[in-house]
Amino acid sequence: MVINWLQVLMNSLVWGCMYLLVAVGLSLTYGLSRFPNFAHAEYVTFGAYMAYMFFSILGLDLYLSVGLAVLSSALLGGLSYVLLFKPLKSRGASLIHLMVASIGLGLLIRHTLMQVFGGGILSFKMIWPCISIGPVVTTPLLLTAIATALIVATLLHILLMKTKLGKAIRATADNPELAAASGIDMDRVSLFTWLLGAALAGFSGVFLAMRSSLVPLLGWKVLLQAFAITLLGGIGSFYGTLAASFILSLSENLGVVALTWLGLSADYRSAVAFIVLVSTLIIKPEGLISTVKRRA
Amino acid sequence: MPDPLMYALDAVAYAGIFGMLSLSLNLEYGYTNLANFGKVAFFMVGAYVAAVMARMKYPFAVYALVAALVAGFIGLLTSLPALRLREDFLAITMIALGEVMKLIVKNEEWLAGGVWGLSGIPPAVVVQGLSFRERLLVQIALIYGCLVACYVVCELIAKSPYGRVLKTIREDELLAAAYGKNVFRYKACTFALGSAVSGLAGALFAQYMGTVSPYMFEPTVTFSVWMMVILGGPANNTGAVLGAFLVEGFHRSSRLLKDYIGLPLDPINLQVMLTALLVITVVFYRPQGLLKERITPLDRGLLKKLKPMYRRVKTWVRS
Amino acid sequence: MRASRSLKAISTGLALIAIVVVAIIAGVAGYYAGQSAAAEAAYDAGYQAGLTDGREQALQEVSPVLPSEIKIGCIMSLTGFLGPMGENIVKGVELAVNEVNARGGIAGRNIKLIVEDDGTDPTKGLEALKKLVEVDGCQVVIGPMASGVLRALGNYTNEHKVVLISPTATAPYITTEFPDDYVFRTVGSDTLQGKALGEILVDRGASKVVILVMDNAYGVGIMEEAMKVLDDRVVKTIRYDPSKLDFTTELQTIKDLNPDAVLYVGYYEDGKIMFKQALEMGLDNILWVCAEGVYGDPMFEEPAAAKFMEKACIGTRPSAPVGLTSYELFRKKFKEAYGEEPPMYSDTAYDATMMAILAIAKAGEYDGPKIREALIDISQTFMGATGYKLFDENGDQLYQVYEIWDVVEEDGKYKFVGTGYWP
């Protein structure tokens, strides 16, 4: 069987970029607020539906629609933090309570979207011409996705390393008590992280929906991968997430190649993320780059 | 001829099966703070094992036992990597497990009928010449027999020294470890036991429905069970069963309600949204649920003794 | 003081008299007014009572055992995986019911359609059926859509002797699992479609075929039937998860194998993505033979998919024999009622409902077994929107003609055209 390895690499690159956008937000909020936000998947879906609404229903310019979609996702993330998670935490809700509440929130968002837009498949009605770069086939959308991810990654790097806010974020993720004692405004830092995380999630949702189709389960389908990446890269670590996104994406695509070669169903591709997840937990639960001191 | 009583009895039967799931989750979460977000996976395992064996004409007692054992074993196995770690890792792993198990079932036809599922599962107890209502009553008797047995077991565990250790683990693992308890072993046992009960519930479900298919085991089932436990009250077995009745009743009545009140929303969307809102509200305002945990005098005495010890241990550990 | 007392004094006396007088006048007037109003009301009431009672009695004499309101249940997937299809198919059912009700219903009785959602979940489907039968007392139910859900309902249907007519369940196993019973289908089993697709490929001289199907009962069912025909022409079978958003790896495998043709089974959601990505990968230069899951205007919402289909796809779909007038009539009615072309399977749903209504009328009794007998009778002469609906002994369609379709572009718009028939 002939395998176009370059194409596999290309696919991995593209998916790695998309996963990166989804997972960064999750990892940052997870590290900061110390709980996995299962509703993060629905920020992805929400962003995609908002873009659809602005672009296909209201007929606004494409770039404007995407921008508004990103802003609305950020808003959703911020609201969920301020209205739900922050109050819960201040009431002393346990980790499990927060997780359950986040699942509830996620379902609420998803079914509201289903009610408003119908449970059906929607499409952005865009056609992307195929571009062949040597033996590799791609489209302008995917190239844009790669470019966007790279730009976002660079900007985040600059943010985290060079700006005061970025340093505050890193400090809070590393050692919240010390950060608070140093006079960092925890609330402001948290709010910003949540806004940013949700915004990125919404952004990735737009790409995912444009690449395939817009369905209510859009976000949920990539949640498992997002968690695997978060754990592999180390919760709260931007650079870890960066590396892990591409590692997972490559593993998945290689996995599918292997599955088809072995004659097994390609359906098992999600199992790759699962295996990565479990392996990380067994071998090195802190992930590649651990920033969070594990509480016993 | 319309026979609403049958529909009501059917709801009672479902509530009984879910009551067992609720009890098992209560054991895991309510008493031991284990975040099992993959409950549907063990439910499914139990149902499929039972389905395969029932079609091969094994009697109920045999396949129910095997279903429980297999489910318990898988529960044990899959929780091992995550039990040493925090609750959230367990939660994520369990959700992932549910999805992967469904994949396996969907793709391995030789094992489990693949996408078609399995059908033709005979009911556990077959008595000739009974009317529909009587057959349903027999089913209910069987289900509630198992439910009562599970309830008794869970209550015994909760009130026993084993249960007290679980509660200690729930409150402060370090303290339990300081007392020389192998925390990991307790957690693993509890998880296995909870999964086994889920497997039993799955077996009952399979023979009640008559067919099983992968599409019957979506993650929303897990969420419903969590809803039942949280609403009814974690760490209270009666509450868990009560929660099951309430949630099942809510699902059924919302389907009936739409005929009388023009709902602006599709009933299934409405159901999920209301359930989600309810869960969020309960977590917010009354995390203890409807029926609070009952602290028996013995516990109280123990707590009194534990407090100063606890403080001493804590300062020692921190130094 | 004195003034007020005197005023009071005056008012008391006069007031009393005035009150009494006014009261008497009011009473008398009221009495007369009430008299006539009451009389009229009584008369009207009597008239109405006579009208309704008399009508009831007349109806009773006509058909003594039909209830005054005839309920037809409907289990559709309005949410879940088949949700988008379900919303469309319900329209076909409603069209039939509304049409008959507009003409007075069955023997003067109104038909009440009760629609339940099964969420494409067998558990919910069974619960919905139980609700329809036990709470609402339905003896006839249209639906469900998915073969997997139908499977969970079959035993219950047979035990409780309730007629179940599915307009869309095509899995082959329904035939063998529920023979000679209360489960009917107005659409042909996939045993035939798989064969059709296979034979088309053979006719076109394909010697190297890849089978790409959804990993569910529908896809795998067709695959297995097609493989019986294609035999060793099949170099690879790929079963994919329709809920994944990306099929580039599967498509890459196909590309590497370089087959003559691909046999494809998918629905709208995954189909759009599949075709879009296939176009992107340049797989539009081989022949794609598709099952009817991707037949429908929603496919054209994705321009890439439309383009791909125009270039590379042909397919089959269950259809009526050539140039059927009854389909055109149905189509006209549908367009008038809903303002759009009838979507896939709304025609079989319409036929199923019509047959159910006719069976109830013929049976004259709202009773499952009698309706079933009547249904079998009706099917022998019924000509529906999708042609003859004769049931075989298993409640399956005896004939099923498949139309071979192609996609063409006309003035920038894409549409489906029929290019032939099978058999």
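Each chain gets a letter, A, B and C, in the order it is written, and its residues are counted from 1.
Keep this in mind: contacts are C-beta pairs under 8 Å (C-beta built on N, C-alpha and C of every residue); 3 or more make two chains touch, one makes a residue touch a chain.
What you are looking at is a predicted structure, and each value in this text was computed from that prediction instead of being measured.
Following the contact convention of this document, B is the list of chains adjacent to both chain A and chain C. Seen from the C-alpha centroid of chain B, the farthest chain centroid is that of C. The centroid of the Cα atoms in chain A and the matching centroid in chain C are 39 Å apart. Inter-chain spacing, taken between the CA centroids of chain B and chain C, is 36 Å. Per-chain CA centroids place chain A at a distance of 31 Å from chain B. In chain B, the residues touching two or more other chains are 103, 106-107, 266, 269. Residue positions 114, 265, 267 of chain A are each in touch with at least two other chains. Each of residues 78-80, 215, 239, 241 in chain C touches at least two other chains. Against chain C, the residues of chain B that register as touching in their complex are 1-7, 10, 14, 103, 106-107, 114-117, 119-120, 132, 209-211, 213, 215-216, 218, 252, 255-256, 259, 266-269.
In the complex of the two chains, the chain A residues touching chain B come out as 35-36, 84, 87-88, 91, 93-97, 99-101, 103-105, 107-108, 111-112, 114-115, 224, 227-228, 231, 264-265, 267-268, 270-271, 273-274, 277-278, 281-282, 285, 294-296. Chain C contributes residues 78-81, 114, 116-117, 119-124, 126-128, 130-131, 133-137, 148, 151-152, 154-156, 159-160, 171, 173, 177, 215-217, 220, 239, 241 to its touches with chain B in the complex. Those residues of chain B whose C-beta lies close enough to touch chain A in the complex are 29, 33, 35, 37, 81-82, 85-89, 91-93, 95-97, 99-100, 103, 106-107, 173-174, 220, 223, 226, 230, 265-266, 269, 272-273, 275-277, 279-280, 283-284, 287.
Residues 1-4, 7-8, 11, 15, 114, 118-121, 123, 125-128, 130, 132, 137-139, 208, 211-213, 215, 217-218, 221, 253, 256-257, 260, 265-267, 269 of chain A are the ones touching chain C in the complex.
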